[in-house]
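You will see two complexes here that share subunit A, one where it goes with subunit B and one where it goes with subunit C.
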Partner chain A sequence: MAAPLAWPSSAAVLGRTCGRWLFTGAAGGVLVLILLPLIFVVWLSFFRQEIPSFPPDGYSLRWFRAIWTNPKFADGFAMSLQVAVVAMLAGLLLGVPAALCIARFRFAGREVLNNLLLLPIVVPGIVLGTAIYVFHVELQGFFSEVTILGSIGGLVAGHILLVIPWSVRLVTASLAGFDRSVEEAALSLGATPVRAFFRITLPIIRPGIVASALFGFVVSFGNLEMTLFLVGAGRTTLPIAILQYLEWKIDPTIAAVSVVQIALIGTAMAITNRFVRLSRVV
Partner chain B sequence: MARLALQQLSKQFASNIAVRDVTLDVGDGEFIVLLGPSGCGKTTTLRMIAGFVTPSSGTVRLDDRDITNLPPWKRNAGMVFQSYALFPHLTVAENVAFGLEMRRSTADIPSRVAEALRMVRLGGLEGRLPRQLSGGQQQRVALARALVIRPDVLLLDEPLSNLDAKLRETVRVEIRELQRQLGITTVMVTHDQEEALMMADRLVVMSNGEVRQVGTQRELYERPADRFVAMFVGRSNSLSGKIVGPGRFETAGGLRIACHEGAIGPAVLALRPERLALGAMAADCVNRLPGTVEFVSYLGASIDLHVRISPTDRVVVCQPNRADVRLPVEGDRIEVGWPADAAMVFAQETAPVPN
Partner chain C sequence: MLIGPATVFVTLGLLVPIVILFRYSLNDFKAGVMMVEALTLKQYALFFTDPYFIAAFYRTLRVALIVTLLCIVLAYPLAYTLARTQSRWKNLLIMLIVLPLFVGNAVRAAGWMTLFGNKGFINVALQWLGLIDHPVRIMFTEPAVIVGILAVNLPYVVLTIQSVIEGIERAVEEAAFSLGAGPWTMFRRVMLPLATPGFVAGAIFCFILTMNAYATPVLLGGPQFVMMGPLVYTQFAVKSNWPLGAAVAFILMSATLVLTAGANLLVQRRYRR
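Let's turn to the complex of A and B:
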């Protein structure tokens, strides 16, 4: 005989309700803590006066205009854009085949390779930057006739390193649910493996590739710590330009620049999320 | 259309022999079903025919061509996969046209695609994507895609297992009729014996990577080569014991039974449930044993009675459901009988037997 089902006691129900409220409250609190600075930055960027104070005297768009008249920001933006685009493309060219090999083949050292490719996420940016800088110094000693230290090539190479883990992860994720018999169907219908790859496999994993491109772009565009070690004299990326500006001044220009950067990255992330649920890979 | 011949085909994965010495001739236009429990090597055999698995030894021949080492894209075998494996980013028409495009066929692709879709009764759905179709429709697209290339041989890998039971029955008949009408040589893999019996010209029963028996439905059912086939194809009561003399069998439970030939020694007696008679109907039988009805299943067209005939032996008797006959009830004492030729005798063997 089964024991009769007991109704949950009112104390238990109360406890569970309280627990849910506590959880929601805590989650909400954390969210506010995360978002508050962003909200203030956005708000601040529209203040009219030069020295931020509350309440604002009035609102204006002058700080957004000021960005484009400041050559440091304009140059930094252009540099960040170029580096991010090149790093993103190179990261895809290296990451997509790597992800395919990892997802498809069982070979010795596969796990090691997989972890190795994800390592740049784990190592702190400062450490990564220092290590690459030291490496460049050593390399420069051997090849004195080419510029390595502080070169644009060295900077891009560093950023490619940042992009690879993300392109590998996002493409691997999109291959996870891939039905191999779809490829076999193509083969049995007369497609050579190469044609099957370009006509069938690649279009099916295209969302993952688009997502990894956008995400790679975002990661490269926003990087500060590693980049600090790799930029040459007179060259800045946008995050560095912001940092340098802050050393001398605090007017709402900085807030306006941040808003532009947040908008750009936010858009890229939102598009990425449409292709691959970011919560699955991050 | 073509004849397909497998000669001593074997496949070994590491230390595991998946398929051992399969030899099979499939006639032009014949429908062959590979039947067996999961892991019996039937799918590996099919994949060797398709070219996805390279045999460890043996040959695959299509008419007079040896295609053993030909890659899949040069074989001209149309395959329907268990998951259908439709190209998710292509429309129905593009899916079906794919094989023709790969062949750079000079034929008029749109008209052949339309013809193939009409054949599987999918006209009007050309522009849909696979995810906008029902399971049954997806299955037909997969079939049309495999047939449109006019393959030498059609390979079906559990094509019906993802359909619901009602639909499965109609699709079985449809596939079979289409196959006959086109006269296309076909090899199908399934673990569902009912499906196999319904569709095949001849069946190949496999277990543990080996062919146990090749034959028509009737041959397999009435003259199973071994105990495995007797148990796997249709239902059988199995009584274990030993042959104690010419035509004399004794069960482990001590029952003495008259049967046909068989070598003296441990053996198993297999009895089809519908060959057993009850009560007065058993009066003329050589073997008559008293028993007790322990369980009755009313199945509509027939009734299964589980009758205990010794402390260790119980048999299932399948009776046609007739209005004029009183149904035994649980607890009834009743006599079970069968003629000597109803019992199939097999030497005791070690191979696992399906439940």
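Let's turn to the complex of A and C:
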């Protein structure tokens, strides 16, 4: 190793070390800022008293039981879960073939189609909601015998729209470094196209599909802005129930509801993480 | 063809509705009869002459600019640390950043409400420390909304910048250091130009999200703190004024698009190599 021209002065070394600590400290501080609201929601859900004042009088688990006595939360949860599962499956069914097509074939208008399919994540939720709402109003005018406005079908269709771009984006990403000659080799060795697809292509895009299932589910389950316009009268989803409750008051009950949601999504992430490393897909 | 169904679905489900929405924004509104078929720019004119709407527009722009600026500055240390760490906890750290992103804005607003209230954690802590005598109002103020949206957007921006930094060879940084550059010079002369695409993408994402924020301004800003997203909803669902609601939605979308495209152009010109 070549000798340095001059040893850095001890003050400079000290300054460098301090800077290093400051930088890492800032990184940690930002992480805390991101996590802070969740930490406090979890804390509040265990308070004994109903008013969210500090320090708490004591701790209790009774708010978790209180959730199920409020039908809005139970109904909203069931509705969100059903809509998210159906929308995720339908979105994958539409999005994955489209992603394969975009990643594997070169055709005119490919870029345009790719951008079109990604559009639902670019268009703001509130604009998406209003646009789909007026679309349903117009459709209702044409087909007066079926209910479209505020129907479950309309709600699910809107949510499918949210899942498609994620599956297109994540599956095309998983095919980015894919060498087509592997597939051609399988074909030339006598595999049928179907067999080649299941033995070669599918294993390669599997992480992409798993990740899009997670993202699709979460995006649909948590959607608020678009859903506000599409839920019919007398129906609610969990995010809407939470929002409406919070507009009125904050207490340990709503915190407990939030904790259930955090736990559900955390579990979904942990399960997905067993199949694909999340740090590789996000 | 494989791509057909998805294309048809998105075209019918998104493009057609947006066209109809634009058509609605050109209609007229009469109290009692609601929407009247017309071809007029009245709603747009109404928006830009009413002080209430103009204030909401500028408030949204101001909050979006402040949040974007803070977001970029704050996201960098965490993004850099994540990109360069060799720790086996890296995956867990990433999950800790993604989890808040996934649990939804209303839940995160609930957390801030526990902190910001009159008997909330911050006020109690400040009183305990003897810094204040009476609770300070934090809820329903602009800073509360800014902090709330900032925390909502940070994960997106951190992950965007992190993925760009991961694509930059470590050797480039080390070369700068071995040539005698300090950390600040290294950042300015090496990291900033190379990571610009990440910063720009993160800033644009953050700006769009803030312009269109809904739950956070509603919950932390209260009914008096009107931003554009909630305004669209109120015009539609509460006032049943579809033409005006459609016009506000279009003004919001165009303002967001024009400003992000402009900023993108500006940065590209500045950093063209």
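Please note the rule applied: the second predicted complex is superposed on the first by the 240 of 282 C-alpha atoms of A that agree within 3 Å, B and C clash if a C-alpha of one lies under 4 Å from a C-alpha of the other, contacts with A are read in each partner's own complex, and residues count from 1 in each chain.
Convention: a contact is a pair of C-beta atoms (placed from the backbone, for glycine too) under 8 Å apart; a residue touches a chain by one contact, two chains touch by 3 or more.
These numbers were taken from a predicted model, which means no experiment stands behind them.
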Inset, instruction - Specify the outcome, clash or fit, for subunit B and subunit C once both structures are aligned onto subunit A. - result: fit
Legend entry - First, second, both or neither for A:232, with subunit B first and subunit C second: neither
Inset, instruction - May I ask you to decide whether A:138 touches subunit B, subunit C, both, or neither, giving the answer as first, second, both or neither? - result: second
Inset, instruction - Tell me which partner A:153 touches in the superposition: subunit B (first), subunit C (second), both or neither. - result: neither
Legend entry - subunit B versus subunit C as contact partner of A:189, first or second or both or neither: first
Legend entry - subunit B versus subunit C, judged by how many residues of subunit A each one touches: C
Inset, instruction - Report for A:116: first if it touches subunit B alone, second if subunit C alone, otherwise both or neither. - result: second
Inset, instruction - Examine A:181 and indicate which partner it touches, taking first as subunit B and second as subunit C; both and neither are also allowed. - result: first
Legend entry - subunit B versus subunit C - smallest C-alpha distance in the overlay, whole Å: 21
Legend entry - Footprint overlap on subunit A, comparing subunit B with subunit C: none
Legend entry - List of subunit B residues in touch with subunit A within their complex: 50-52, 71-79, 81-83, 85-89, 98-99, 102-103, 142, 145-146, 149, 155
Inset, instruction - Note which residues of subunit A are touching subunit C in the complex, please. - result: 16, 19, 23-24, 26-27, 30-31, 33-41, 43-44, 51-55, 94-95, 97-98, 100-102, 113, 116-117, 119-120, 122-135, 138, 157-158, 160-161, 164, 168, 218, 222, 224-225, 228-229, 239, 242-243, 246-247, 250, 254-255, 258, 261-262, 265-266, 269-270, 273, 277-279, 282
Legend entry - Complex contact set, residues of subunit C against subunit A: 1-3, 5-7, 9-11, 13-18, 20-21, 24, 74-75, 77-78, 80-82, 90-91, 93-100, 102-115, 117, 119-121, 124-125, 148, 150-151, 154-155, 158-159, 182-183, 208, 211-212, 214-215, 218-219, 229, 232-233, 236-237, 242, 245-246, 249, 252-253, 256
Legend entry - subunit B-facing residues of subunit A, complex: 179, 181-182, 184-193, 195, 199-200, 203-204
